[in-house]
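One chain, subunit A, links the two complexes that follow: it is found with subunit B in the first and with subunit C in the second.
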Partner chain A sequence: MLQAFSLYWRLIGVQLRSQLQYRLAFFLDVLGTSLATILTFATLAFVFQRFGNIAGWSLVEVAFLYGMVEAAFGVMDLVFSGFDPQNFGKQVRLGRLDQLLLRPVDITVQIFGSEFIVRRLGRIIQGLLILAVAIGMVDIRWTMGKLLFMPVIFLSLVCFFGGLFMVGATITFWTYDSIEAVNIFTYGGSEMMSYPMNIYQGWLRRFFTYVIPAIFLLYYPALFILDKPDPLQMPGFAPFLSPVVGFGVLLIAFVFWNFGLGHYQSTGT
Partner chain B sequence: MEEIILVENLQKYFRVAKHHRGFWGAFRNLFSRDYRTVRAVDDITFRIQQGELTGYLGPNGAGKSTTIKMLAGLLVPTAGHLIVNGSIPWKDRKTYVAHIGAVFGQRTTLWWDLPVIESLDLLRFVYRIPKDRFQNNLSEFKQLLDLGPFLDTPVRSLSLGQRMRADLCAALLHDPTLLFLDEPTIGLDVVAKENIRQFIQHINRQRGTTVILTTHDMSDVEKLCERVLIIDHGKLLFDGSLEQIRKRFGGKRHLMVDFAEDYPEISVEGARVTERNGQRVVFEFERDTLTASVLIGRLTEKYRIQDLEVREPEIEATIRRIYEEKLLES
Partner chain C sequence: MRLFYEFSLRSFQRQLIYRTAALAGLVTNFFFGIIRIAVLVALYGARHEVAGIPIEGAITFTGLSQAMIGILSLFSWYELMNNVYTGAISADLLKPMSLYQYWISHDFGRAFGQLILRGLPMMIAYAVFFGISTPQNFWQWTGFVISLILAWAVSFSWRFLVNLAAFWIPNAAGFVRFAFILSWFMSGFLMPLRYFPDWFIKLCALTPFPYMINTVVEIYLGVVQGTAVIQALLAQIFWLAGLILTGEFALRIGIRKLVILGG
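Presenting the complex of A and B:
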């Protein structure tokens, strides 16, 4: 275990040192992400200017959701960079995974350490800024419970997105063509969660409640933090399901990942 | 001598989805999946002793890399026995790979943006190599492979030959008992190839490292391999020495003669004219039925000869013949 952590930090160290060699690319990327975030958010602001609110949510309340998703997705995208299905699938086909399997250390740790895209810090910082502004402008009645629950919500989101990345990476052992379908869930899912879930059509909402229970990750916790009534009449413990869903998805993803590795060893690609 | 590799009735089958062509075909691919079975490795048996340097040859798609992948623990066999270094490679991967080394010619195991020396140092940690052994090995390889000039250069800026030398060093720092080399000289110039060959030979002789080598370069085989395994269509066609190949399949030899005069008609018993260019004539004759000296004797009886040269068949041509004419299949 200690060896695994030590290996992880060394591998991350390599990534940091490598990427510091490309400083210009780093700053350009941060600039690019900033512009994209500002544009997206400006569009949102215009919509609100026209309509005042969306389904009972004000602009700053939606900014709370948006900031959480951006920052959590950013953190995930940083930590789980090695599992990004697009890149992972390509690496597998280039034989990179075989190279890693030839080393006498844990393969999952090596994948975690194989990529650590520092540029993602840009997205994280912007997400946190938006979140901070939102928290400052919404009148939240803070309690000890809410304060302690905030990091739990955040981590659960990170785990959920990370789980999706791992599942996506694992699927590339079987097929590389359907990677776009997986991206719909990851990127589409994060996009969906940036808005209050009650605006969506019934079937779509039910899908994200019972099939992929993303609704419990942010929408319900946000209702709790912001003291908003639940228009969907879920049981009162609904906001507190977020860690169950988040860690649960990641756990399932780990099991599936190990299964996929076994399959890879028996078939190759 | 101890056995280091034991392969018995090894098989590896792949199921490959059949692709239907065209627009409707793409549609059908979504729903119906017809499979056909590809026998990449089909019932192979061989043993390799410790310290042997073996060439594993075959045309593209013959099953070479599938075998190597199974030997290296990357693939699980469909059937058959496989024992390397006293263990079953794919079981308990981490313990097994600690004692083997591998270089896959086209790819590097080093970190692309790191200076070579830092990559090597990271491998020291990965393989838990004791510091003094690491230092000893490094200084030996540094000298043998002339790594000094580019130890501090990032891997991405190395030439192909430098990268290959760095990769060889990386594969051997942990003193593996067994070394897999897949096309170690591919894309290199003649001098670089020669250096790599000398190094491989040195490692094999001085350290007793068992080496399995796949290559398309027959000079690699000629200069390095005491023993050759030839595989095609997943089956082992030949297992023996290069000399045996020459004797069995290098049947036809050539005699090139420069005659002193312009003879309009040249013929000799037991040999066939294959090329004629003025006074220079090339004869082809069978090793088994005629010796070179008898042939030369018959020629000097009839003609005045200025110069001559006996040409042995090149091993490359011989092995190509083995693949193409399927000489070994029966």
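Presenting the complex of A and C:
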């Protein structure tokens, strides 16, 4: 275990050094990725001047959701980039996974250490910044419970997205190419969660409640933190399902990943 | 013209090979379209019209802008940059036409392929599932089509220009991504520019971005009408010319620095 960790850090260290080689290019890259977060939010802020609110949520309340999703997705993208289905599918296609499998080190550790995209820091920092401003501006009645619950919400989100990445990566053992449906859940899911999810109607909301229970990861916890009433009349414990969903998805993903590894057949390239 | 046609055709045929990829892209674009509709409907609430755009127009806007992702290659286009780095640009430069002409003919085929495979099916899906508004008369349709072609040309010239950064920066991917993100924000892709504060609309008008998407959307929705349509088209032509000239100028300076290693 200890050895796995030290190996992981060394793999990450290599990535860090290589990515910091071209300083200007790296700087522009970080700036570029953080700009995406800020400008998307600026669009929302401008539009709110015209519209006032969305389904009763003010701009700063939406900022709470947006900052949380962006920062959590950014952290996940940093830690789990080795499993990014698009990237991982390519490794499978090119037979690079075979190389890794031949090494006498745990494959999962190697995949975790295979990719560490430092420019994601831009997204994380901007997300946290927006979250901090939102928390400063919304009038939250803080209690001990809420304070302790905040990092739980955050970690659950990271686990949830990470789990989706792992599932997406595992699917490529059979398909050899990332399937678009996974993008819909990861990128589409993060987009959906940055708005109050009661705005989605019919099958769309039911799907993200009962099949992919994304609604419990941020919308319900946010209702609890911000003391907002629940228009959907879910049971009172709904906000506290977030760790169950987050860690549950990651756990299932790990099981599925190990199952996939057992059934992996090389493309022969 | 003959060469333009041949290069376009090759590039168009190449698009047709990746039909599954196009279908997957279409599904994703459509899904994001559904989310964007939900957001706009919730923002409108009980209001029927905001900033001159009725709710049907707002829904149509999400369809149009999602349909344009493929046509304008709105999320990424690094082909020219990559060719500079791999040295493949030496072959591009040997073509019996200028680098800009070669790449724009290539991109025309790509854009047309995306229009057929993703743009039109998207609008049809929107028309079936959500109901969209359409231009009211022949002149509005004509204005829309001309504006769409000009928007593509402006977008291409912009992508060509920023890709030229590869001559100066050892890894220009970040710079190009930066340029793309800026274009989402200021082109009216994320939201119609009319919803924005006046000072910001004026600021955007000083950049080439609104002429890539916002102009097309406003002409399609009939938000601009009469002589204003002609004015909008002229503005697109003005920016197209400006970007082409800047691109040629940058290319001339950049090409002197170009060193291609053999092997």
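Convention: the second predicted complex is superposed on the first by the 261 of 269 C-alpha atoms of A that agree within 3 Å, B and C clash if a C-alpha of one lies under 4 Å from a C-alpha of the other, contacts with A are read in each partner's own complex, and residues count from 1 in each chain.
Following the convention adopted for this analysis, a residue touches a chain if its C-beta (ideal position, glycine included) is under 8 Å from a C-beta of that chain, and two chains touch if they have at least 3 such contacts.
The structure presented is a predicted model; accordingly, all values stated were derived computationally and were not measured.
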Which superposed partner A:G136 touches (first subunit B, second subunit C, both, neither): neither
First (subunit B), second (subunit C), both or neither touched by A:G145: neither
First (subunit B), second (subunit C), both or neither touched by A:E191: second
A:L204 touches, of subunit B and subunit C: first, second, both or neither? second
First (subunit B), second (subunit C), both or neither touched by A:L35: second
Subunit B or subunit C, by number of subunit A residues touched: C
Subunit B versus subunit C as contact partner of A:P231, first or second or both or neither: neither
Touch list for subunit C against partner subunit A, complex: 24-25, 27-28, 31-32, 34-35, 38-39, 41-45, 50-51, 169-175, 177-178, 181-182, 184-185, 190-191, 195-197, 200
Partner subunit B, residues of subunit A touching it in the complex: 6-7, 10-11, 14, 17-19, 21, 94-96, 98-99, 101-106, 265-268
Touching residues (chain side subunit A, partner subunit C) in the complex: 22, 24-33, 35-36, 39-40, 42-43, 46-47, 49-51, 54-55, 119, 179-181, 183-184, 188, 191-192, 195-196, 199-201, 204
Interfacial residue positions of subunit B with respect to subunit A in the complex: 14-15, 66, 69, 72-76, 90, 93-95, 97-98, 100, 102, 104, 106-107, 109, 111-114, 118, 122, 125-127, 154
